[in-house]
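The first chain written gets the first letter, and so on, giving A, B and C; residue counts start at 1 in each chain.
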Amino acid sequence: MTTHFTHLHEHEPRTLVDLVDRAIELKRNPPRDAPLAGKSVTLVFLNPSLRTRASMEIAAASLGATPVVLAPGKDAWAMEHLEGVVMDGGAAEHAREAVGVLARYGQVIGLRAFPSAASWEEDCAEPMLTAFRRYSDVPVVNLESATCHPCQALADLMTVKERMEPAGKTFLVTWAPHVKALPMAVPHSAAEIAAAAGMNVTIARPEGYDLAPEAMDRIQSLCAESGASLKVTADAAAAYEGAHVVYAKSWMSLESYGAPPPSDEETRRTWIVDGEKMRKTDNGIFMHCLPVRRNLVVADEVIDSEASVVLDQAENRLHTAKAVLLWLCG
Amino acid sequence: MTTHFTHLHEHEPRTLVDLVDRAIELKRNPPRDAPLAGKSVTLVFLNPSLRTRASMEIAAASLGATPVVLAPGKDAWAMEHLEGVVMDGGAAEHAREAVGVLARYGQVIGLRAFPSAASWEEDCAEPMLTAFRRYSDVPVVNLESATCHPCQALADLMTVKERMEPAGKTFLVTWAPHVKALPMAVPHSAAEIAAAAGMNVTIARPEGYDLAPEAMDRIQSLCAESGASLKVTADAAAAYEGAHVVYAKSWMSLESYGAPPPSDEETRRTWIVDGEKMRKTDNGIFMHCLPVRRNLVVADEVIDSEASVVLDQAENRLHTAKAVLLWLCG
Amino acid sequence: MTTHFTHLHEHEPRTLVDLVDRAIELKRNPPRDAPLAGKSVTLVFLNPSLRTRASMEIAAASLGATPVVLAPGKDAWAMEHLEGVVMDGGAAEHAREAVGVLARYGQVIGLRAFPSAASWEEDCAEPMLTAFRRYSDVPVVNLESATCHPCQALADLMTVKERMEPAGKTFLVTWAPHVKALPMAVPHSAAEIAAAAGMNVTIARPEGYDLAPEAMDRIQSLCAESGASLKVTADAAAAYEGAHVVYAKSWMSLESYGAPPPSDEETRRTWIVDGEKMRKTDNGIFMHCLPVRRNLVVADEVIDSEASVVLDQAENRLHTAKAVLLWLCG
């Protein structure tokens, strides 16, 4: 049975916390002896990336492995994932062959496949990621899919742990304004890993912007397990009261799936993370996975303040990527 | 005199077989001592690639060399190859300078340049590859041109040798349905290397889909040298009788050059590689260079069967790439 | 105070010459002991590149560092550089975060950001490069901006030094015909470093094609310091008299900024570097940064002659890149 790292909920909370602790150790003492020498990591990007690609490439290389980056549809062949179809359309290659080949070339396969934003039913089945898992006999790492961004989640928890003991603290995930319809992977994963670490979770979002029910069920279970609370509110400002972490992210509504959120001033003012809201927190830190749109998602005064740990989160992508690679192919 | 690896026919059959034997040895014992440390390999792609790029990058890195991938027209400058022209059109750089520079930076230069599919006369002159050879004083490796795909051919022969002693066996190259007009490089090269290894070669194709006359002459000579037979037929099904290898590939017609093949059901049914046809073979293996369109070129039942060695072929690209790099710059 | 390598004029002439001398030594004795092992270099390209990218990638890898290449707007997120704006337009990420993150991942950040060619006032402020410097606490290397191409300049001086003792010799920068409106970075930098090395500088250009006043002031000062002369002329042919170096480059006019130069035969014939003009020089060498349009900028007879050192210039990009990386993060 191949171990994949595609969804947080497939792993015990203990495993996730151990990975984070390993990453903290790797940050202190980067390995110098090329433990993955002679190995390769193939990273498949169907969507843009800065942190995920750079951190994975550098993590692999720093451990002695060779990273190879592929962009099917651009520098490589567009891929089909449905089984049994007559491939007389746009895709020149089936994921079954592409993945089968990459599994011969490398010890780990990464995939970034964003949702199409056309149908949640289809997106939440994550057809390309599912195909990669099905066809790969080496570990698959999810570099962000429709429902989960597990590598980001590890870096998020690591960043929290660098600032506080998570258990019992309050982790606010707040919806934020945007101009595009964005995936839910990050808020899902951030809330899940916070819950897994024993934090009280608050989700603040406008009516109609609930996270996916499956994710909410998982967050609820994790909170229940650790005796933490889970709260959902539409009161943007009140949600900040007593929060130790404010994690901002825009995401699209399952009720108007694929549509950008409202762009009126009222929505923007209500939901932006600004200094006034941050002052309600219990000396809370500000988190975001990046890229972030300044003065739409978060005001300059917050992201540029001492409370902002967004660069630590990004840096910790590197250390957690090393931990994941060592775990999967070390 | 610089040794290039651009066309099979420039090398003795013995040289090709030796490279394959070296690759078999490298598969068993991958070198650990970075024999190409301090060297670089520049890979120029004018067309998409998955296996060729990944295998060359990983092969180079695993031998200690630095691979650099360039995509002129995208991340680098579009290139002119004609001599003496006033360069006031779309190309910002002449191949003479591009190649001259790459020859200063690296010990091997790879080039993928597909045919334009506008004129066979022009395509078969392989103007860009010819320019690369002309201007390079380091070895040039053909990563697939209009007429030849020599790296694929080495992996193909290696895969055959892993399953059988080639001499005297029957190697069927069968044309296959498709939705696009595809190059002839792979069928040329597969048939040439099979003939070079002493196999009886059968080419099955619809009338009007002959391989290029120059390639047929070479295949004929190689067969004659080793006492093997060469047969050409339009009887798709009968061609499978007694075959030990079935190598499928679509290619365009020289008579309607650049046009996609007929898409009627009759053509598709007649030429697809399916289980019924495979059962006529002498326990034959199924080969394809990939990417392959399932249920158009080959039925799922065949490519997913034990007879299919397509992933071995792809994997062997890595080992033969190492053999080629060590030969050219070791 | 972080040392950046973005503009020649921020460094003492002595520093520039030392870097060149270091590169000459590195060309003779390439380091074999991976002095930059465990380090990374992130290279951000907003425009195409062949030499700059390949030389930087190979230089970094040959020193043991990991190069990572990013193309925001293509494989990574389009970037905003203005401060205080509401980011509800096309850019998903602010340079402040992108640079902040890259500074966590690597020890050096490179940026190629060509001018927009819409407004010289805006271009000469080099907003993206300025943002990178502002936000980075690791060295930023300019991989060509609107006003300067310092890495090219080092390779240029190195190439001159390989052929002659520069001091007191005559360095002609001649404008050349083209079909596009091109940046002034290269002529600025070539003239500046020649002046810094004590060469007499001649700028030959049509009326209306003066280099930027700020650059001319710097070149004038450098010439004055070393007792060398600076001459500007519109007499294309006479300018070659006695020149030891002919450096050709097209650039756009500040008076018709963004417009391609005249394409009439008279302009082309007058300004192309051809054999007749070269024969007026004092056995002068021909230089160009590449890519170059043959028979528009320079006649085949010149670039293909013994006098042409364009491939040496390109090769020396590699050696000077090593010197720069060792200086900045060694």
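As a working rule, a residue touches a chain if its C-beta (ideal position, glycine included) is under 8 Å from a C-beta of that chain, and two chains touch if they have at least 3 such contacts.
Source: prediction; values computed, not measured.
Chain A and chain B touch with mostly distinct residues; of the residue numbers seen at this interface, under half occur in both copies. Superposition of chain A on chain C using C-alpha atoms only gives a rotation of 120 degrees, nearest 5.
Per-chain CA centroids place chain A at a distance of 40 Å from chain B. Within chain B, no positions touching two or more other chains are listed. Chain contact summary for the complex, chain A toward chain C: residues 30, 32, 45, 48-51, 53-55, 57-58, 61-62, 71, 179, 263, 290-296, 300, 303, 310-311, 314-315, 318.
Only residues 37-38, 40, 42, 66, 68, 70, 72, 74-77, 80, 83-89, 92-94, 96-98, 100-102, 104-106 of chain B touch chain C when the two sit together in their complex.
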